[in-house]
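Chains: A, B, C, D, E and F, in written order; residue numbering restarts at 1 for each.
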Amino acid sequence: MNTSSPSATYLGVPAASLDDPRSFSGADVVILGAPFDGGTSHRPGTRLGPHAIRTSDYLEYGGGRPSFLVSVDPFTELRVVDAGDVFMPPGDIEAALHRLEETVVAVAATEAVPVVLGGDHSIALPDVTGVARGVGFGRVAVLHFDAHADTADSQFGSAYGHSTSMRRLVESGAVRGDRLLQIGLRGYWPGSEVLAWMSAQGVRTFDMARVVRHGLDDCLDEAFAIASRDVDGVFLSVDVDVVDPGMAPGTGTPEPGGLTSRELLHAVRRCALELPVLGMDVVELSPPFDGPGEITAILANRIVLECLAGIAARRAGDPAGR
Amino acid sequence: MNTSSPSATYLGVPAASLDDPRSFSGADVVILGAPFDGGTSHRPGTRLGPHAIRTSDYLEYGGGRPSFLVSVDPFTELRVVDAGDVFMPPGDIEAALHRLEETVVAVAATEAVPVVLGGDHSIALPDVTGVARGVGFGRVAVLHFDAHADTADSQFGSAYGHSTSMRRLVESGAVRGDRLLQIGLRGYWPGSEVLAWMSAQGVRTFDMARVVRHGLDDCLDEAFAIASRDVDGVFLSVDVDVVDPGMAPGTGTPEPGGLTSRELLHAVRRCALELPVLGMDVVELSPPFDGPGEITAILANRIVLECLAGIAARRAGDPAGR
Amino acid sequence: MNTSSPSATYLGVPAASLDDPRSFSGADVVILGAPFDGGTSHRPGTRLGPHAIRTSDYLEYGGGRPSFLVSVDPFTELRVVDAGDVFMPPGDIEAALHRLEETVVAVAATEAVPVVLGGDHSIALPDVTGVARGVGFGRVAVLHFDAHADTADSQFGSAYGHSTSMRRLVESGAVRGDRLLQIGLRGYWPGSEVLAWMSAQGVRTFDMARVVRHGLDDCLDEAFAIASRDVDGVFLSVDVDVVDPGMAPGTGTPEPGGLTSRELLHAVRRCALELPVLGMDVVELSPPFDGPGEITAILANRIVLECLAGIAARRAGDPAGR
Amino acid sequence: MNTSSPSATYLGVPAASLDDPRSFSGADVVILGAPFDGGTSHRPGTRLGPHAIRTSDYLEYGGGRPSFLVSVDPFTELRVVDAGDVFMPPGDIEAALHRLEETVVAVAATEAVPVVLGGDHSIALPDVTGVARGVGFGRVAVLHFDAHADTADSQFGSAYGHSTSMRRLVESGAVRGDRLLQIGLRGYWPGSEVLAWMSAQGVRTFDMARVVRHGLDDCLDEAFAIASRDVDGVFLSVDVDVVDPGMAPGTGTPEPGGLTSRELLHAVRRCALELPVLGMDVVELSPPFDGPGEITAILANRIVLECLAGIAARRAGDPAGR
Amino acid sequence: MNTSSPSATYLGVPAASLDDPRSFSGADVVILGAPFDGGTSHRPGTRLGPHAIRTSDYLEYGGGRPSFLVSVDPFTELRVVDAGDVFMPPGDIEAALHRLEETVVAVAATEAVPVVLGGDHSIALPDVTGVARGVGFGRVAVLHFDAHADTADSQFGSAYGHSTSMRRLVESGAVRGDRLLQIGLRGYWPGSEVLAWMSAQGVRTFDMARVVRHGLDDCLDEAFAIASRDVDGVFLSVDVDVVDPGMAPGTGTPEPGGLTSRELLHAVRRCALELPVLGMDVVELSPPFDGPGEITAILANRIVLECLAGIAARRAGDPAGR
Amino acid sequence: MNTSSPSATYLGVPAASLDDPRSFSGADVVILGAPFDGGTSHRPGTRLGPHAIRTSDYLEYGGGRPSFLVSVDPFTELRVVDAGDVFMPPGDIEAALHRLEETVVAVAATEAVPVVLGGDHSIALPDVTGVARGVGFGRVAVLHFDAHADTADSQFGSAYGHSTSMRRLVESGAVRGDRLLQIGLRGYWPGSEVLAWMSAQGVRTFDMARVVRHGLDDCLDEAFAIASRDVDGVFLSVDVDVVDPGMAPGTGTPEPGGLTSRELLHAVRRCALELPVLGMDVVELSPPFDGPGEITAILANRIVLECLAGIAARRAGDPAGR
């Protein structure tokens, strides 16, 4: 954890305190920071992600954010608060993930939607588990945008890490294998054993070849249909590396051939407009590799905002946007 | 103004002098630099834009530029000169914009097309006003490529700034509200009051959701049709932030979800081939945020060149390109 | 040549020695490094390309690379070795290219597919000539992905350079003019004399306007059909600047308006799946202009891997991929 | 002004409000931000300086800062508050400087030491004038660390700018010419007319040749002796470009051959320990030119902290440090 | 641990295997990599340090390195091997440090000098403990070059971390408090409790104020005299942040006001020439913050080489260098 | 050669033409660009050096440059012209160096002082030879500031390269071995054979250990005394890597432990004030490795300017400066 960051909140929304759950009672959305890179297998830096996601914008800090495309201001429609960073010791992944899970449980218990700013993708395990502990194991579908399946059996000899989180979620029963919906996969991983496990669990993948051939909207239609059956809602887990590294260089395990930023924002918007979002995380932003334009940080900021706008529009009775 | 830059001309075209209007008489196109960032609301640096736009190319400085896609060399078909930088004191926006307007008027009076290299988007006010003072208020349509509408009522308490220029143009009558055609809008601005003003003026917006749903060419068809009615020509105002920051990081107020570079160059080419261009500006390039590849500077250089090639092809009697 | 680089092999495949041809006998693919920028006309740095292409990946060095999209691990299906860098003195282009040609001839003589990691595009002359010396002049088609035609008559007064390589190949008869298939061309070069020469030779170009209008797959269909007639196979020459500089900044002569990374990887995959690849080079990666995310290096690494996966799938009897 | 920055205070000290002077009554030191680059003549970016100075540290935000070298924690000895940024419209330098002067007057009226985080060096005019309006014109000496004399008669035709501030101060009488003490001068400016004016006013310069020949401590001894006569205290104005650009690249007008960071921190420490500091500014930090290590921002942060530690030690009765 | 790095050895020295201790029997020096940043409190990236230290040089990889200043080639005089990286899981600091300690013990048991390439400074605990387990607790002095004392009682609630390593070493008895010699300290840490503990243990500090006042050589004379009494040799622990961040930006907790690179290399050379070095580590290099020149990585490479040259000259019977 | 650079002159001095020697007749100093990196052994980029040296300044382009430390404006005292870049084909080092030598001969024949902006250090061979062809072989001493001796017998199997230039000069008799004075050497090259050759030729080296021990001024005193005997003047050859890479990162073969920028500028100033300078080159600036602050380019610009100021002061009858 980087305690030297000033305690800025996401775009200047009111602060809440993790130590005082009453401070976020009544909130519709609670932002949490998970400044952790103890679970990454390659370039570190995601511990600096939450601060960058919170502050990478050019509009007035603390002001409104009326969406041009969805015609709603999420900060008008929703009560959004930021409860700051969870304390996650970098050298103790089990303790770190445990603390995060307890925090997500506490937030979810208030009926607020937890939005977790990563951090590497190992945090999806506590993020989704925390939500599932509220609505019930097996009652939340996961919409997983990523270049990678994150279904390894172990990483560096440990059960925990950014490449194992989705496996652990299915194994524990927090998420049904056939309600794990992966969009954007590509590259040169995993091998046949892991693929066999995924297939046996009924994990549904929409890889980039499929996205190109069928169109992103068709893939989303199909995924959303599955994600609407026999669950109470969805958790949206967005790894910024689902976007092509040519447009999102600030990440640890970049794999060429991905979505454009525009496609991802479109997909996130549709998800939040069309499905009941119970929780969200945005992960794998690594600012040191982002370059002076800070484009990946800005993109990550907008992934969150686009989701909030969609939730706001949906609650305002406009499930299709304007 | 950065007086420490060497006085390079755009791609090495002949130099003209703002102090001696005869030096550009007979020119078809006069390039002007507007090295100004006193009107930006966030990351500065556009005062360094004109020099970067002029020199960011890998081909021979001072040589020809035969377009592969349009089959014409703009420097053969057109007499293009570069009159250097307008003196724009950074700390006095009113004086700076006034000087620029007078210069554009002087250029337009010679029947040459002024092409202004920005600088932040506050310069669109003098750029378009200068042209309108030649052809008549209300007689020029504006094709405005941008992530932002630039229709704020005021910025930092001032009437001038990069977020107010389009409003001032409509208010003054230089441009009819229904001939302000905005392409590429998105993001989280403006609020309802400004939107109401835009609507009342008949401003026509083609936001990114519309571009994606209908296709860019359909949007351009519709915009070009409007831009051809009851005016004498168009002013093409290109904010590089209309391109997704993933492909154009070197700018001050980047908003994800935009056009690709390829789409923008295509749109600029079509505009110059199909419509009578009376003036152009390329704005908001901020070199310090561009990274070592200087890709946004190179893009801005090509936006100008693509427009010149289109003008050349149109004049050569080839309105559709090859 | 940069002798200060450690002798890493491509992704950790076994090393072979150029001094001992037996060390790569039996190999299906032999990787060669061509660390040379003596032929570039603008930003240097491609001499640092081979090391960057070999090592820019986040997966285990020396491990497998099972392709998610093609369902094959090239390192399981193919025996791939890396014979290291050819010695190419930076200040003597003739000697450097001669050495490379002799090395490619030696590799091709073993029936292995040479894959040459550039280096600037001047190396295409020895790369393709070396292959043609094996299968016969005129018996290899060239699929040339590039922003530029590389058909200049001379560069800096010399016959050799990155802008003349394709001309020399046709002039020598190594490649028939009508089997030189260029995809992705754009920008402001060459002039009419060079275009006339290209036309006279029957060079077939698919420029970016055509790619956009007809679709990339239609262009590839047409190109592949030509490349299948009256030749024994194809040489795939990929200049990373065929990709838009917005997504591939690390190169010397960037020209906006190109392919996306995703499109290029798709095209390379199709080529390797559908046509008999006799050789390949990946050129013009210049690491110093790539920025901290190293995205162009990673892309170049994947261009090679995507080709290897396609070759593997084709040999495994799956010409259409999964 | 960059309103998109979160309202972080310097190292987490308590916030005060410029709108409510009572909020800083009783404070020993009041930090002010002057986010302005409308007065720079070359590379912009100093408007981003205050936020960078406030937050560039690795120690706990809001924690103590016990000085290892001076054996005092300034945040224990002194009541330090941060009153945030003065509103300084970038395109109106006169209005911007006027606002800043009024603010400094208000702070100085409370007996607190104003510490202004720039911003370009044009702000020294309001900073020092504001203090002088409190103690009386001619009653404050200026210790001016800089590569440049900042004594031009005009800049871009204006009386205001970063190269004219020291001249204006002497001309107005706020500072006596013979109590303007300039340390670190070098380079290729100004010309003989300006030098003659400086000489006529009795301005005392310690240029880098003198610093090298006589030693920094001897120069400081001499300067401090002058600064102790016939005035009530000193204003310490530190331009980060006094440090060699090799160690402080993040600035707008870098001039090689300067102090080391270590020498500057030593000089600042001595100044605060040995003289009554009535005010301070740290100027010309331009984050976009600083590189990924952010070393100039960190240095600027420490210049402030070293001064605070010196003031604290002096007040604690330890004028020589430990 | 970053398994995606190619297994390059330090400057191309022969490889040894940690799994086969016989592979380094007979070696005079064994290089080890400790790719770990789980113990850092701020900017991460030191897990990428070992690879950067090994390969950042411009001279022939695998060639000789005759020292110009010491007139000896360490690779001629000494048998140096590189045993590769210790497996250090990023999310389990206890296990990671334990593995490193066992490895250092195994190396030290062969009489070879272990040289550990960090990694953050938490590794000094296993590095020195490993050596002390060989020669006996209390029998090794530590020459500790650093901006920070690293004597905190705990970090993030844990006994382990880069700010606690020196405390743990003294507490365990591995190092006597009065044989911990710290050079280069400065900045704003620690507080009085920690200082009291240091004083009680007899820790000897040579802070930067003392280095400046007395001269570096005098400080070294005094430190070396202490380090020669009642111990069997010294461990040299060099944190690159002892150098001023202006010359060594690529680190996680930069503190201005430090040594120059030249001074540090001089001190390291003297240490190795004048004292029996039993072990060494070079820590806190964080490549992502180093910038395109990679100057901190190159410095870290030379710190190791300067030590090896000193050891070689000492063994060659030339304790004072040439 | 980079023909895409605009034809800016050094700081805006008048242009001359290499094709028309009359254009520089009467000049005191003729600037030449040598945009070449075909002779470097590691990181390329020096072909971009001349343009960067010419334009890296913040003062008015084309204005005066009154030296603060030497009290003279070189552009008032001296007639300085810039004859542009010599055509140096990157892939043909022999032809490139030959062209440069002929050009230097032509300049020296006019009695002007040639100042050559490199380019890598291979250009010292033609630079000094060209001057020696004017005054006579053996009649010019070389003051060689460098981290490296550049006395290799061959590089990459060639007689030419940046590591062989000083050897060739002595072998040809252009420079007497005992009038080659090398200052700043350090690092890990060359080996004993080369050292023996140097010793046999009487080459005099002042390495960094000596500079530190004796002081820079003592070394300069001794070197200048030798350089004043039995020759007609000196050639000043400054490799920017003589400065510590911590302050001059933008170079190809950086070696830690060097001079500070301040020391180098002092030495250059003394040289030009105290000795008759017959020619000068500044070499090894590689802009791609310089970072956003461009500090090495700015330093190289000042090395030239400091020399010009010294020459001007000497001619103005002030051999000791003010």
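Definition applied: a residue touches a chain if its C-beta (ideal position, glycine included) is under 8 Å from a C-beta of that chain, and two chains touch if they have at least 3 such contacts.
Owing to the predicted nature of the structure, the values given are computational and were not obtained by experimental measurement.
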item: Contacts common to subunit B and subunit C (chain labels); value: A, F
item: Chain whose Cα centroid lies at the greatest distance from that of subunit A; value: F
item: Most distant chain from subunit C by Cα centroid; value: D
item: Interchain centroid distance [CA atoms averaged], subunit A/subunit B, Å; value: 38
item: Between subunit B and subunit E, centroid-to-centroid distance (C-alpha), Å; value: 56
item: Shared-contact residues (touching 2 or more other chains) in subunit F; value: 3-4, 41-43, 58-59, 244, 246-247, 260, 288-289, 291-292
item: Interchain contacts, given as pairs of chains that touch; value: A-B, A-C, A-D, A-E, B-C, B-D, B-F, C-E, C-F, D-E, D-F, E-F
item: Complex contacts: residues of subunit B adjacent to subunit C; value: 58-59, 64-69, 73, 243-244, 246-248, 260-262, 265-266, 291-295, 298-299, 302, 305, 309, 321
item: Sites on subunit F touched by subunit B in the complex; value: 3-9, 12, 54-55, 57-62, 288, 292
item: Interfacial residue positions of subunit A with respect to subunit C in the complex; value: 41-43, 185-192, 207-209, 212, 244-247, 249-258, 260, 288-291
item: Residue ranges of subunit A touching subunit E (in the complex, touch as defined); value: 1-4, 37-45, 47-48, 87, 89-94, 96, 122, 156-158, 160-161, 288-289
